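Okay, so chain A shows up in both of these, paired with chain B first and chain C after.
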Partner chain A sequence: MLESALSDTLLRQLMAVGQVDILVGLPTLNNAGTVTDVVRAVNVAFNRDFPRVRTVMINSDGGSTDGTPELVRAATLTEADMVQTSHSLRTLHRVLAPYHGLPGKHTALHSLFAAAELTQAKVLVVLDPSGPATIPERVSELIDPVLRGETQFLAPRYRRHARDGVLITQLVRPFVRAVYGVGLDEPLGAEFACAGAFASHCLDRDIWNHEAARFAIDLWLRSEAIATGVSVSQIWRPATSGAGLRATLREAVQQIVLSLAECLRAHENFWIATTAIVDLPTFGTDTAVIPDSPKWDVPSLAGHARQDLLAISPVLTEVLDRETVTRIVEDIARDEWSVDDELWVRIVYAFAVAMRRSRAGSEDLAGMFVPLYLWRAAAFMARTAPEQPTTVQQRLDGLCDTFLRLKPALVSGWSAEV
Partner chain B sequence: MPSSRPADPLWYKDAVFYQLHVKSFADSNGDGIGDFPGLTSKLDHLASLGVDCLWVQPMYPSPFRDDGYDISDYTNIHPSYGTLEQFQTFLDQAHARGLRVIIELVLNHTSDQHAWFVEARSSTDNPRRDWYVWSDTDERYAGVRIIFIDTELSNWSWDPISKAYYWHRFFSHQPDLNYDNVAVREEMWRVMAYWLDRGVDGFRVDAVPYLIEREGTSCENLPETHAVLKELRAKLDAHYTGKVLLSEANMWPEDVRPYFGAGDECHMSFHFPIMPRMFMALRLEDRKPLIDIIERTPAIPDSCQWGIFLRNHDELTLEMVTEAEREYMWDEYAKDPRARINLGIRRRLATLMEGDRRRIELMSALLMSLPGSPIMYYGDEIGMGDNVYLGDRNSVRTPMQWNSGLNAGFSSADPERLWLPLISNALFGFQAVNVESQQRNPTSLLNWTRRLISVRRSTRVFGRGSIEFVKPANHRVLAFTRTFVRETVLCVNNLAGTAQAVELDLAKFAGAIPIEMFGGSIFPRIGTDPYVMMMGPYTFYWFRLRWL
Partner chain C sequence: MIQEIADALVESWRNFADAFVQFVPRLVAATIILAVGTAIAMLVRIVVHRLLASLHFDKMAARIGASEMLRVAELPSAELLVAKIAFWIVWIGFVVSAIDTLQFGAFQGLVEQFFHFVPRFLLALLVLALGFLFGNFVWRATLITSVNAGLPGARLLAAMLRLLVIAIGVVMALEQLRLATAVVLTAFAIAFGALMLGLAIAFGLGGRDAARDLLEQHFKAKPTRGDSDVGPHL
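Our next item is the complex of A and B:
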């Protein structure tokens, strides 16, 4: 019997649910602090804003030890909630199903996508249990544009301080923007909404055990939507402490680099032919309130980077040209953190090409890349510490332009005979 | 075709065909006979039904001694049906709606009124003399069977003008063309090219087994006949793409098989014997006749397709059944002797099913799910009835019932002037059964049929997939799977008029989740134990099997 994404328990519950219009998925892992509010918000949204349509909320829990599933089961509407909502026309289905298989968000999403396919959901929304969907409006605003057919994939965008989310601003965002040709703010955002047809499409793709799905399913979903011509939009959402947060920085960098390489392989026919940048439609309202700048221990970060780079410098020539390696080594010796944009982008593209040519050694290459990223991150944080946010933002825009300008180098390196 | 539609050269494998007679469909000029402007005005109905291709029965000039299959001019339109320009408008409008159109091609014979035959018989040294098959005696090809035994005594008829016998496999007014003559073959290719250049999407090729005669043979299915078809097909492929030849050979499937050749003769052929067995299985409440005929059906080339149907413009033919089966069918489906004609039954689907909606739906579901491309007969989508008091097979050729008004909306002529009277009885008459009223009723047969077609079109397994029977112990249940590439659909049909329980051995699909295709309901996951199902009378289920 083939491995199923759906446990028998979940399947039995879905049989009772039948066809739905909206499926809200809530993947959880030890989210006891916030999950009750999110579940209540979903219920109120269903009751108040979508009383006539068929809905279901599915909690896919990864083995919480803090009582999260019990809280999901027990969450009821408060008196204040009752004031906001009319009596429900339909049965509100709340399905609890611990997922099985490989640990990780991708397994939870695989179950949710399979459930969406089975129930023929028109809209699939995946919420971040520690995200902003603690009030009904934040749930409904994700559902609405997709249900109305105004977009097929809706990704959040957050108002961040320009120095926040360095992994995103220094690598993922400008890389995706240049390579895929779309101005997508948050390629790694934990929440999204999509049309059922797109969920079915993803379910049929043979990626669920690949690195791209295991390490950064959100990145893969967005890049797949873009590459397959699905209409993608963004929606302003308030940033939360959990947005874009990863276990450890080193792990996060390594996993995302692996995922980016996997996405490049999967979508090469699309991105090689893409030259222009498309701005995505945005729903919602930008609060325009810029959060505080994050605090970083830059000397410590740089110290780790220097130490690692000295250790791997002899093998860097396998990926980078001798001139670049020499410059890196000299900078390390001078204790300088000045990785200019062009050098940084050339390093990123060189690693992308190397990972295409040496698929078996991808994990090692991603590991080699980590100290280079840390070095660049330290340089960026040090340089921008005294700067105004608008100035920093100009630097970010300039970096995006550099990624785009140098893309032909990536294309030619990628397309060259192996 | 609209440029947005992908040009799949194998489109006919997925297509739902719709057979219609121009003269019975819609009359635009009030002369009581349907015509092309009338048909054009009803294309929206056909497009909304969801069919892919229209099969237009003969529309050529003809003396109409064989319902138009006696053609007197291959490159024109019968004046009662309109003009060439009106045909072209119809064709263009059909294409604009994504509908393809195939027309009749009667290769074997012409009318004796055709100019070719008039010339041929004028003298023995006329250049067209050799376009037909002549003999000084009526003893050549002795022993060849006579097809119309009720009306013809011989396959030869005496021509008093040229004082010789001419060969005809059908009526004596339909002389056979001589396909040994290269000029005939070239002329018929010119006829085909003439219509293909106008944009038709193919031909239903009438009476293909009889093109060539040879002494000492049955003069049927001869290798030389196949050579003629191969020659025409080669020219078709050399000059056009996406066209189809649908051959008519009322024979056992193993005898029809050669008409597909190696994919280099006809793209499609009718599967005649499966049709009466669908009716027989339903009446017997036993799947055996259907499984027998499908299991004896040989494989055909990948590019080819069977054409299957429930009813058509002819009688429900019982030629491809045994004597006992024929008697059974007559006893069960034609208790009124007037319903019998030749070796068949001149009734429509709805009357054969005694108006029972459940049985009509089950038969339609079988048509849409068994291997082959389904061919619907006009009027069956609303459950039109028949009139066995009309002569020949006109019982099933009455005017289409569009609404409950004058002449059912078919024509503005005086009712007496209609080429055939309308069905007007209380059960199936146009006041009760018509398109307009069924449009307004969401649960009507018309709307149900639309849904059926749309569900069929949601997958390619029905058009292209293999079939495998499940064969549960309960013989009243016909269960089979259709599989194409990675997709499998399970079809379960209760042929009985009573509720049935059935245990299906689906172990090879263990792990799959059945999703009912009409409502999307999820059924329990298939395991290694027998899969138990409860079936209401005459119910059917189609399940998409998903491994999720």
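Our next item is the complex of A and C:
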């Protein structure tokens, strides 16, 4: 496994590094704008907060064309950094290696996990190169709880406007909460920290070359941690935008739906038995400052959703009953769309069950789901446009409750003989 | 003279009586074959229908899109249709056997021809079913992909591709049956060639701008419809 994940160059460099306690991974792809600050922050954090600990920072680059690797190599401590930093008692290792294999974050993470295994790292931290760890405190606060053994997996938690991140709030978060029974806020957050033992465990799982991991490997890692009984916590972090994302919206929805289905398959023995949602411990401080509501082009999204749903309505009957399809078609014919949580949840669960039964056609099913998501997102945006954030938040909480309340329908559909 | 006429009549009557005596058992045998065959064919229909029902054949047919075609053509459900086909094959087999038993000169070799035709007929049915299956697969995949790629007229494009695949299936099935092979193949080749030429001319001349837009969108990786605002969704 190690041999396939690590290039010769990386293997050679890691053998020179030897054993480490903390491995900070920085998977990059054209992050020249922010990567220097992040690398400096990591160096300062190593020097100042972990001077006696063996550390290494690995930049796993996916083929940047904007000089990101050169910036990582050249990033040094500034004079201001030197003033506030004591000298590390250990050598600060910095390893730069382009990853090989399939393009995507999952391949970069595969390399980092394999590097953690090889160096027997106690803590593996993966940072988002586009921020928010541009100050040392943001790096150290991710490392500390895992290094002290207070948790084995630390996921970020963002303070968002209730109308922000519709794909998260309308699908991923309530789905993961209801199915896995944990109050996880950001199942797709780009950053995380985990114990070395968990990294080794993940290396043995058959997910790394799977298509479903290409986009949403972060989702799989979190669900794997929850399902295997690893202690999972959250930490308040500054919100990051999806601006650096290279996938289109439709690709993102498809990939996330495929990943959710893959997670359900992988952890069915765990989630079928869970019936309630458990809150997770949270580290850090909530800024409690609610960002502004994002700007949405609702008419445009609604237009695409209407057109696409009308086009694919004949195939929707393969997954949904005729009555549901008729309701959707009637709904999109009106100017004001309804936001029926129960209908939405039943649609999501019906697709999950259909993907279990038709593994070969999963990609088509995920493609069929995209217009339904656009419909739901447009309806949610239009309905909540005039509402206060607290009212919208109540709607989001209500949606989570509906996902949990209707979970028996998912369990019975999933467990039914195929 | 009268004696000769009487002899001829007696001879004729004797020949008729001999032929009748020889024919009656064959007629009885043919009648029995027909009656038993009809009973067996009905039994086969019931067994096939129940077997297919237990295999949820109607659902499978619905999944490949054949049910919709049958509904439009006002034909019975897929299970019933296959059961009826089985009935008719078995029944016609017994009818041919019964006719052969009667030993009419004009129908000599009919049984042999029939049993040569049956495998071709079954193969043609299989080819047709595969045509429907593949046609529906192409239709579904094209519809979903073209909708998500933001192509205009996704439904029309998918329907045309399905029609094309099914048409190829029908032509192949007719070829198996060896029914007017030359006519069918020629007609299909002309129609297919004309369609492709028409499309090429229409797309190349009439839809020059659309073609340029599509190619630009594909090669310049321009965001497709509804994808410019991916950030706020995550």
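Methods note: the second predicted complex is superposed on the first by the 407 of 418 C-alpha atoms of A that agree within 3 Å, B and C clash if a C-alpha of one lies under 4 Å from a C-alpha of the other, contacts with A are read in each partner's own complex, and residues count from 1 in each chain.
Keep in mind that, in the parts below, a residue touches a chain if its C-beta (ideal position, glycine included) is under 8 Å from a C-beta of that chain, and two chains touch if they have at least 3 such contacts.
Note that the structure is a prediction, hence the values are computed from the model and not measured.
Visitor: Do chain B and chain C fit side by side on chain A after the overlay, or clash?
Guide: fit
Visitor: Looking at the overlay, what does A:300 touch: chain B (first), chain C (second), both, or neither?
Guide: Only chain C; A:300 stays clear of chain B.
Visitor: Go through the superposed model and pick first if A:318 touches only chain B, second if only chain C, both, or neither.
Guide: A:318 contacts chain C only, not chain B.
Visitor: Looking at the overlay, what does A:364 touch: chain B (first), chain C (second), both, or neither?
Guide: second
Visitor: With both structures superposed, pick whichever of chain B and chain C touches the larger number of chain A residues.
Guide: Partner touching more chain A residues in the overlay: C.
Visitor: Can A:6 be said to touch chain B (first), chain C (second), both, or neither?
Guide: first
Visitor: Considering only the touch criterion stated at the top, classify A:179 as touching first (chain B), second (chain C), both, or neither.
Guide: Once the two structures are laid over each other on A, A:179 reaches no partner at all.
Visitor: Would you check which partner chain A:249 touches, where first means chain B only, second means chain C only, and both and neither mean what they say?
Guide: A:249: touches chain C, not chain B.
Visitor: So after the superposition, what angle do chain B and chain C open up at chain A's Cα centre, nearest 10 degrees?
Guide: If I round to tens, I get 100 degrees.
Visitor: Now for A:374: first (chain B), second (chain C), both, or neither, which partner does it touch?
Guide: After superposing on A, A:374 lies in contact with chain C but is clear of chain B.
Visitor: Report for A:168: first if it touches chain B alone, second if chain C alone, otherwise both or neither.
Guide: So A:168 only meets chain C here.
Visitor: Once the two structures sit on chain A together, report how near the CA atoms of chain B get to those of chain C, whole Å.
Guide: 32
Visitor: Taking the two structures together, which residues of chain A meet both chain B and chain C?
Guide: none
Visitor: Can you list the chain B residues touching chain A in their complex?
Guide: Residues 510-511, 513, 515, 519-525, 546-548 of chain B touch chain A in their complex.
Visitor: For the complex, give me every residue of chain C touching chain A.
Guide: Per the stated touch rule, the residues are 63, 140-141, 143-145, 147-148, 150, 154-155, 223-227, 229-234.
Visitor: Sort out for me which residues of chain A touch chain B in the complex.
Guide: These residues of chain A touch chain B: 1-2, 4-6, 8, 11-12, 14-15, 18-19, 114, 117-120, 203.
Visitor: Quick one: in the complex, what on chain A touches chain C?
Guide: Contacts found on chain A: 164-168, 188, 241-243, 245, 247-250, 252-254, 294-297, 300-301, 304-305, 308, 311-312, 314-315, 318, 364, 367-368, 370-371, 374, 377.
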